[in-house]
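The chains carry the letters A, B, C and D, assigned in the order they are written, with residues numbered from 1 in each.
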Amino acid sequence: MRNKVVSDLAAALEGVADGSTILIGGFGLAGQPLALIDALLEQGATDLTVVSNNAGNAEWGIARLLQAGRVRKVVCSFPRQSDSYVFDELYLAGKVELEVVPQGNLAERIRAGGAGIGGFYTPTGFGTLLADGKETREIDGRMYVLESPIRGDVALIGAFRGDRLGNLVYRKTSRNFNPMMATAAALTIASVAEVVEAGALDPEAVVTPGIFVDRVVAVGQEEAA
Amino acid sequence: MRNKVVSDLAAALEGVADGSTILIGGFGLAGQPLALIDALLEQGATDLTVVSNNAGNAEWGIARLLQAGRVRKVVCSFPRQSDSYVFDELYLAGKVELEVVPQGNLAERIRAGGAGIGGFYTPTGFGTLLADGKETREIDGRMYVLESPIRGDVALIGAFRGDRLGNLVYRKTSRNFNPMMATAAALTIASVAEVVEAGALDPEAVVTPGIFVDRVVAVGQEEAA
Amino acid sequence: MSLDRDALAARIARDIPYGAYVNLGIGAPTLVANHLEPALDVILHTENGMLGMGPAATGDDIDQDLINAGKQPVTELPGAAYFSQADSFAMMRGGHLDVCVLGAYQVSVHGDLANWHTGDPGAIPAVGGAMDLAIGAKAVWVMMDLLAKDGTAKLVQACSYPLTGVGCVSRVYTDRAVIEVGSGGARVLDTFGTTLDDLRELTGLDLT
Amino acid sequence: MSLDRDALAARIARDIPYGAYVNLGIGAPTLVANHLEPALDVILHTENGMLGMGPAATGDDIDQDLINAGKQPVTELPGAAYFSQADSFAMMRGGHLDVCVLGAYQVSVHGDLANWHTGDPGAIPAVGGAMDLAIGAKAVWVMMDLLAKDGTAKLVQACSYPLTGVGCVSRVYTDRAVIEVGSGGARVLDTFGTTLDDLRELTGLDLT
């Protein structure tokens, strides 16, 4: 019987290789899979490229990975937050690379990665520093920038409920980047507050169909702060 | 109080102009808004371009519009069905134009239209007649075709439940093209089996948020055949 | 000694790996579903917007809102999910399906597929999801007779019918043989009551 | 006689049309929400994935899974909907929002916006949704002081800070005046205890 639920966090993170690109869901702490990130730290993979909206809060989640020197590069829209001191210090010391991507372009690039789209023209960022060197094009009188898809070796997803088939639902604004990231990685690992029976999730309300998910691990309701 | 629910089908179709591009949801009869199409026939707009997956079944829905001579052009993936004799005859007599688009490209082009994407590179159709004359590009060793967004003046949407804010949910595979089409028209008109109170639809399960919908009309559960 | 359609469908079903996500094209490939052992834990995708499709619906189970890509009434299995066609084709185009089984007019030794259009100038062109399916799985298999009704081979050096996809097919299941196709040319994997020499003669191809 | 922030927020709220879908940027624009009359039936969008956002959450209503774009806890109104950030930014980019109110470092008379980066080589670049918001509504309004703390005008002939968007702002609400900007240049729509001549002198611009 198909069962994507693994018994513990160590099993969930098994096999993540050094040098991997890791997509990490969440917007700030909402939907950020803190337990999976802690388990990745434990697992030991290093020289990572992290793709996430932010670059870590205080000493939680992504900030811990950074602090442990596991991250070579961050691709995000908004690294600088009130409590992103770990990232800030590493960046200013030249110890971590940064690629800043407008938030909507980041979401759309990850969607494109999961959807087999080779590239797309977006009006966002045209005429700005963040489009420097990128191909531009006028379409129906408006200027667009060509953006490329983003894919990961691994995606770490923070969901609410999941079943053994890998179907996932989220809670409120913790959905954010998680559904796209789940589609755009070779290995998608989801933490859930609760594992439910197959058939218990309303098929009309499943946000991430199980086809996108390789492993599910129950971590209970995470409390970040 | 914001109330997008209109009292009858005539009010729902008010103001549709001759020459409009009409996006019509549905895959075969599932999710095809038959009552709205009949009301469009009644309303009288002509010289229409219809964008829909199919080109009508028997003498239902889109087939009726075609039969009445209201349609100048059909953009679809699969006009030829076992019961598409109305379209077949008009097409073979040279009385209606046809643009055939691969189904996934059609869905993605409509999504792009609603999402402000100027164009996208898809592998689907590369090297085929349907990509003739289209720009192609090699990206990471794979060949892609540049496809453009599709937008409509009007979208006719077949949904299941809706509220006065325009939020919609669908039923099973009748969802199909409806959610993208709802986002890609200047005027989006949805028929629903049932109007429910604002707040009655689970905010986690709303498929089409009300921002995309201009008018909602209750038509009961439609029985097609 | 060649296989009939049902036996061929059973053979294809046996080759599908455990736990695969599979899309079965309209027509003969649909028969494969009848031979999928429950223990194989296959999940069926239908491109009109569903994962977890069950068997054909009959009697009171028929629901006009629950159909497959062939517009036939079907059923829903526990753990199913519905989604839009944009999401459904993104799933295919993004390479998330393991196996897609399609019918064909012709397949070339290099894996080109022709299955949407006879090229007849009087025909009404209709592609549906054919071109998306052609590029929409990790493995695209074709199920077809080796010979057309007029006796010409459907496995060809180069397709004469308009293409559905370029170099997209990896394996062809026919009534006479299973043949691997692709950039390395055609290679016979298995035969059903026929010999390699027979196959060479029937197709005029330099099969190995 | 110039308007304070709260009075300016009230003025902006009064200019929002009935029934509009509105995104309020982080910082001062958030104040506009406090002045939106319920009868105006405005629906608030937050780009992290929600329509129908209610007031800030306090006490037991605080839910770490329900936050706004500024990562502050908020509430949900009846008829709300949640969606992914891909869908949320598609909604913005596709032109479905009626009004977006943003803060700014500088706005040019042609509607160019600079609000994400001071250009200081020591600064850590962080754009968030700023560039998406800049092009993501039918009307993009800026709420800012006319003058920076050092007395220089923030409404300028051409932005010296790095741009967020080109020609995207249609109206600037400042403590001294409301000014229309765009391809036709800057035109003063309303003044608060100041004169057109004063505004010309403060900005060095040929305002009309």
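Just so it is clear, a contact is a pair of C-beta atoms (placed from the backbone, for glycine too) under 8 Å apart; a residue touches a chain by one contact, two chains touch by 3 or more.
The model shown is predicted, which means the values in this text are computed figures rather than measured ones.
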- [ ] For the pairs A-C and A-D, output the one whose chains share more C-beta pairs in contact.
- [x] A-D
TODO: Let me have the rounded angstrom distance from the C-alpha centre of chain A over to the C-alpha centre of chain B, please.
DONE: 33
Task: Interchain centroid distance [CA atoms averaged], chain A/chain C, Å - done: 34
TODO: Averaging only over C-alpha atoms, locate the centres of chain B and chain C and give their separation in whole Å.
DONE: 28
- [ ] Note the residues in chain D that touch 2 or more other chains, in rising order.
- [x] 76, 82-83, 90, 92-93, 135-136
Task: Per-residue overlap in chain B, given as positions that touch at least 2 other chains - done: 108, 111, 115-117, 122-123, 170-172, 203-204, 207
Task: Chain-chain contacts as defined at top - done: A-B, A-C, A-D, B-C, B-D
- [ ] Would you mind writing out the residues of chain A in touch with chain C in their complex?
- [x] 1-2, 111, 113-117, 163-165, 167, 183-184, 198-199, 201, 203-204, 206, 209-212
Task: Parts of chain B lying in touch with chain C, wherever the complex brings them together - done: 27-31, 53, 77-81, 87-88, 91-92, 98, 100-105, 107-108, 110-111, 122-130, 143, 160, 170-180, 207, 223-225
- [ ] Flag every residue of chain C that touches chain B in the complex, lowest number first.
- [x] 46-50, 63-68, 71, 76, 82-86, 88-90, 92-93, 117, 122, 124-132, 134-136, 162-166
Task: Contacting residues of chain A [partner chain B, same complex] - done: 108, 112, 115-123, 137, 139-140, 142, 144, 148, 169-172, 202-205, 207
TODO: Name, in rising order, each residue of chain C that touches chain A in their complex.
DONE: 19, 21, 41, 43, 45, 51-52, 76, 78-83, 90-97, 135-136
